[in-house]
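Next come two complexes built around chain A: one with chain B, the other with chain C.
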Partner chain A sequence: MSPFETLKEKIREALPGLDCVIGWRQGFDPLHATPFFMRAPEDVEKLVWSPLCVHNLSTYLPSFRGKKVGIVLKGCDSRGVIELLQEKLVERENLVLFGLPCSGVADLTKLGRAAGDLDRVSAVAWDEAGFTLATPRGEVRVARRDALADKCLSCQFPNALEADHLPGDPLPPATGPDLGDEELAALEAMAPADLMARWAAEMSRCIRCYACRNACPMCVCRDHCIAQSRDPHWLSQEDSPREKLMFQLIHTMHLAGRCVECGECQRACPVDIPILALRRKMNRVVRELFDYQAGLDSQAVPPLFTFQVEEANIKERKW
Partner chain B sequence: MVMSAAAYLPAPKLGEWLKELSVRHLVLAPQARGDAVVFAPYAEGGEIVLDRDATMPPKQAVFPATEELLRFRRVKDPEDPGRVDVELSASQPAPKTVVFGARPCGTRGFLAYDRVYRSPKTTDPYYAARRDATLFVTVACTAPGNSCFCHWVGSGPDDASGSDLLLTPVTGGFVVLAVSGRGDELLGSPLLEPAGDRTAEAEKVLAAVRAALPPAPDISGARDGLTAVFDDMGFWDEVSAKCVSCGACTYLCPTCYCFNITDEGDGLAGRRLRTWDNCMSFQFTLEASGHNPRPTKAHRLRNRVGHKFSYYPALHEGAVACCGCGRCVRGCPVSVDIREIVLAAIVRAARAREETAHD
Partner chain C sequence: MKIGVFVCHCGSNIEATVDTASVAGTARAFPDVAYATDVMYSCSEPGQDGIIQAVREKGLDGVVVASCSPRMHETTFRRAVERAGLNRYMLEMANIREHVSWIGKDREANTNKAAELVRLAVEKLRRNRALFPKSFDITRRVLVIGGGVAGIQAALDCADGGLDVVLVEKTSSIGGKMAKLDKTFPTVDCSSCILGPKMVDVAQHERIALHAYAEVEEIGGYVGNFEVKIRKKATFVDWSLCTGCGLCMEKCPSRKSHDAFNEGVGLTTAINIPFPQAIPKKALIDARFCRQFLKGKCGVCAKVCPSGAIRYEMEDEVITEKVGAIVTATGFDLFDHTKYGEYGGGRYPDVITSLQYERLLSASGPTGGHVKRPSDGREPRTVVFVQCVGSRDTSVDRPYCSGFCCMYTAKQAILTKDHIPESQSYVFYMDIRAPGKLYDEFTRRAMEEYGARYVRGRVAMIYPKGDRLLVRGADTLMGEQVEIEADLVVLAVGAEAAAGSPALAEKLRISYDKYGFFMESHPKLRPVETNTAGVYLAGACQGPKDIPSSVGQGSAAASKVLGLFSRQKLESDPQISQVNQRRCVGCGKCALTCPFGAVKMIDVRGEPKAEVIETVCQGCGICAVTCPQGAVQLEHFTDNQILAEVNALCQS
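Up next, the complex of A and B:
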């Protein structure tokens, strides 16, 4: 039995004791998988597992708090679950975690660059070297590097870090280029004025739909986000690049020491603004200051959830 | 409708024509911004993207995401410092605008606005001013995609309603047809040639696109069906389970017209702004008492679908408040598919009717 078939069997076994198991099914076209809430045994037949299972489903977990649910996890998604456990936003005893080793998921934005019109792709296939898209112009071949999400090319956690079921042989970490690092290096090399102009240009097409926020597994304030509060009035209703960038910084600050870098914020953006770089920058700062990465150990206390009189990497007295 | 003879615009002259239009109009045309395509002011040399539908609809042209309604300033009376007056100044008039390169679905979205903001009963002066100042040069769709469903909602790839000029791509350029009296005014350019028998080619192109569309299901039962399942929260919980409650679907929608009005102050002065709002947001129906009649995403998604396919048609002679462009489907981070929900509601309502009949 393949690991996927084994997993389906485990889900069928667990389902009677659970409210639902969250996974994926085929979406509206060949390129889209879509989150799927399995409640009946026959639902499990519709479960899919492929490089198109791009979503981090741990985003849904806090809304099921108090109910017993199962969830299918890629390695990166499991970090979202772990961070939620660390923050006591979900209860471990209420979760059944179904992991599968993941060799990377597609970045539909990148595939769109190759396909032209992503909405006219009529079939998709993949292998270890890349993707093949059937388009009105004929078959288009997209190499792995130009097809997979950047995070997958250098993924250090291809297997769920916390799982009740993890069928199949674990995969080794990926050894590809760290494109996120390259992007950050390019941004850091810019003069501040140019950098600001660049962000203003990017943010000018933001429609302030808050998909970045709502797809984020760590954005747990949900209906009570400070961005939409009139009192205190941190943001005006004006949709200027400045206000919109301010929200990105609010999001980034609220994620300090919590962001698991799943990239959902950027993936969810309907106008493809490359906002993950801001979170990556913050994560690097947290790593340097606290020697810490979020969502790796459900027993660890996140650095900003605690207080040390003497921080090893913050020399308060030696400035 | 005034119909003049069709003209022909050779593709290489498109940039020159837009430049010509730019002399007297602000020309908004679909252009790449990063990986997205948005309607942005045309500047000479700007590359127009017509090989896929724009990520954003052209709605900003008539309904900006932020619109200043007025400015206010509190002024002390020098004779009587205890007395403070409020000085008001009205906002700028709407610029003359040409929207170039929207597909028929994107342009047709404004018909849903017109029935609300420019009806015999009520006219929104800000909307009407922009609407009257804006001309639509629409390009017929020759490439419907997986998320498209314009023909479900009574439209089609060459629907000219709401447009002033309709361009049809033919070999080497576009056949240009005035489809409104105002469109005629744009045909004076020396860059345009008589279309001759290219009109026949355009007809063939459009017939081929219409024929290529998969058959549209009958959604005439949506209006009553959605009303029938209104209280069936089990249904709405199920179809909204994956929704993450963001506003991408509404802000990408060419027909979503809801807004918020706030005073954004800065000391003693400030601006009254009208900004896009969306019914997917918790705050949309949050009342001052703290009560929220649409407390969950299921209630909110029910409103979005119900409004477009049931409540709006009930108020506006059956017109559906959806142009079938599919942006909500492809722009949704989790692929919520409004087509699927409408069809499921029709089936669910029919099943409930049958069950009642058997009781």
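Up next, the complex of A and C:
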């Protein structure tokens, strides 16, 4: 039995005791998987597992708080669950975690660039080396490196870090280039004025749909997001890059020491603004200051939720 | 809203570099400002009356005073505003003295900056609302931490004033450093003769509960209602049965235990009463040396104890005490003289610290008051005292003067002559610091009547020569090198903060300086208060101090406690955090980060929500900045107020 079949069997066994199990099913076209809430044993047959299962399903967990649910997890998704556990936003005893070793998911934006028009792709197939798209112009072959999400190329956590069921052999960490680091290095090399101009240009595309926020597993304020509140009134409704960038900065600050770098914010962005760079920068700062990465240990206290008189890497007295 | 702005000259303090009339003129154009004027001294009686009159005549709803730091006069102006009939929190201050006039000379730039600060204050005040303090009951008991002379004095004064006192002492007896001294300057009276009666008073006072060999583990609560967890360390002796007869010490076979009371001069028994006048006079087993603990068999003390008090299985006990105020009197520790490798401290047995020498001089010490060299027990003929060991030396990060070393060195020189009339003392000093009543006369006496030879200069190195020590140093007055062959060298080690002071300060939530000494609220005018309400300081925990000053501070701290408790109820500052429960998503991050335990999670219709305990909240605002959705707002420092200030500054 393949690991995936084993997992389905485990889900069927667990389902009677659970409100639902969150996984993926085939979406509206061959390229899209979609989140799927399995409630009955027959639903399990519709569960899919492929490089198109891009969504981090842990985003849904806080809304099921207090209910018993199962969830299918990639390695990166499991960090979201762990961070939620750390922040006591979900209870471990109410969760059944089904992990699968993941060798990377597709970046549909990248595939779209190769295929021309994603809407007209009639079939997709994949193998170790890459993806094959059936388009009206004929078959298009995209190499793995050009098709996978950036985060997957250098993924350090291909296996769920916390799981009740983890069928199949664990995968080794990926050894590809860290494109995120390269992007950050390029940004950091820019002069402040140029950087500001670049962000202003990027943010001018923003339509303030807040998809980045809604996809973020760590955004738990939901209806009470400070971006849309009049009291306190942090952001005006003015349609300017300044207000839009301000929201991104607020989101980044709110994620300090919490962001698990799943990249859902950027993936969800309908206008492809490279906003993950801001979170990555903050994560790097947190890593340097506190030797800490979010979502690795459910027992750890995130650095900004605690207080040390003397931080190891912050030499306050030497300032 | 009608706002009045009062721009203070502060004599020439502000007016010299700020055009206050022009600031007032600019302020008249700010939104809601109905009246603005400049005042000579706004804190003076006419100044305050002017504010009150303006409030009444112009019908003002709020007042901005542009003057000094609110630390000085905020309460002054709050009272004035209240006298005028307004809520006392409808006041904002713009600090145009410390932040403007004192730090810049450019009158035009200063005037602009002062106007901008006034603008910020106006924008903030426009969003203020009337706040009302809550009053709460006080637990009229006081915790004194540390049973040295300062703590003893504070405990006795509080108890005599009718308060119940909980006195916690880290070691097994109160008395502190003073109990280890032989004589005290400048009167050369016996230390234990003057301290002993006070220690006995502590033991016998019905209002003092003494917890010796105990440490403060945790402090919760707030002024008027602290809850203190005290760890009573295991003594392995049931003190309710121990009579202090000392039979166990006579028979104990582990005779090589570290003698902390005698500063490691000589050895003692594993079961031990530190000194004859100890309070409480109870035995204690040092498990690091006791054969019963090391080898698992011995039990001699248990066999000989006539009252059957030995309890090898005893464990630490944590008790909880409720108090309304805390006096911290944790004292100091001595500088570790082994840091000066060139003085050979720790390597040469005859280079000792001043407190070790004190034990050699003391009749209750290991030598019975006979001055003997630790190496061979011989009586020294030449004794060299080296001052400023760990004081006034930036190379060991001790730039401060420890204050009392000059005096105790003079005393020890005098006592040396008393003990060994044919001896000769030398004192290497940097300056003689003797600014106290009868102090300078005392050091003169050491030189003139007792023949101590004072050499102004530092010692470069000390090394052995035969069975003596060669002390090489400079005589800067003569401009030459000096070498003295000494039998005994006494290092006048300086004071440093007691080990663990920063950790205790964190528990008490008080500030401490970079050396670990606790910070007083104001170096001149609030010397025993801290910035945490209800926590007071006494003695050398605040900085090096001699006995008279420590006793004075003990009494001063007690008077502060008595003053605090003379009120029926205390009022809490209403500028605290508030949770908007509709916005709260119950993530609990505020409760996690609150340093005061002032946020509790409650259940509102099945959902977790945060709630602030009003009297516990100190208004620090950590929860407010932690809350992602802004559900926690600090009264009078709300996000909207701060945003309004930023907007006023950036958009004007």
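In this text, the second predicted complex is superposed on the first by the 319 of 319 C-alpha atoms of A that agree within 3 Å, B and C clash if a C-alpha of one lies under 4 Å from a C-alpha of the other, contacts with A are read in each partner's own complex, and residues count from 1 in each chain.
To be clear about the criterion, a contact is a pair of C-beta atoms (placed from the backbone, for glycine too) under 8 Å apart; a residue touches a chain by one contact, two chains touch by 3 or more.
Predicted model, so just to flag it, every value in this text is computed and none were measured.
S.K.: Following the superposition defined at the top, how do chain B and chain C come out on chain A, clash or fit?
M.R.: Aligned through their shared chain, the two binders fit side by side on chain A.
S.K.: Contact-wise, after the overlay, does A:311 reach chain B, chain C, both or neither (first, second, both, neither)?
M.R.: In the superposition, A:311 contacts neither chain B nor chain C.
S.K.: Looking at the overlay, does A:139 come into contact with chain B only (first), chain C only (second), both, or neither?
M.R.: neither
S.K.: Should A:232 be classified as contacting the first partner (chain B), the second (chain C), both, or neither?
M.R.: It touches chain C, and chain B stays clear.
S.K.: Report, please, how wide the angle is at the C-alpha centre of chain A between chain B and chain C, in steps of 10 degrees.
M.R.: Rounded to the nearest ten degrees, it is 120.
S.K.: So, does A:288 touch the first partner chain B, the second partner chain C, both, or neither?
M.R.: neither
S.K.: Mind working out whether A:87 is in touch with chain B, chain C, both or neither, as first, second, both or neither?
M.R.: Once the two structures are laid over each other on A, A:87 reaches chain C alone.
S.K.: With the two structures laid over each other on chain A, which partner does A:5 touch: chain B (first), chain C (second), both, or neither?
M.R.: neither
S.K.: In the superposed model, does chain B or chain C contact more residues of chain A?
M.R.: The partner with more contacted residues on chain A is B.
S.K.: Which partner does A:182 contact after superposing on A: first (chain B), second (chain C), both, neither?
M.R.: neither
S.K.: Contact-wise, after the overlay, does A:109 reach chain B, chain C, both or neither (first, second, both, neither)?
M.R.: Only chain B; A:109 stays clear of chain C.
S.K.: Once both structures are aligned on chain A, how many angstrom separate the closest C-alpha atoms of chain B and chain C?
M.R.: Between chain B and chain C, the minimum C-alpha distance equals 7 Å.
S.K.: Name the residues of chain A shared by its contacts with chain B and its contacts with chain C.
M.R.: Residues common to the chain A contacts of chain C and of chain B are 222, 224, listed in rising order.
S.K.: Quick check on the complex: what are the chain A residues that touch chain B?
M.R.: Residue list for chain A touching chain B: 27-30, 32-37, 55, 59-60, 109, 112-113, 116-122, 136, 201-202, 204-205, 207-211, 213-215, 222-224, 228, 230, 236-240, 264, 267-268, 270-274.
S.K.: In their shared complex, at which residues does chain A touch chain C?
M.R.: 87-89, 220-222, 224-226, 229, 231-234, 254, 301, 304-307, 309, 317
S.K.: Which positions of chain B touch chain A when the two form their complex?
M.R.: It comes out as residues 33-36, 38, 51-53, 55-56, 65-66, 143, 145-148, 238, 241-242, 244-248, 250-252, 260, 262, 264, 271, 273, 275-276, 278, 281-283, 326, 329-337, 339-340.
S.K.: In the complex formed with chain A, which residues of chain C make contact?
M.R.: Spelled out, the residues of chain C in touch with chain A are 502, 506, 514, 582-585, 587-589, 592-593, 595, 626, 628-631, 633, 638-640, 643.
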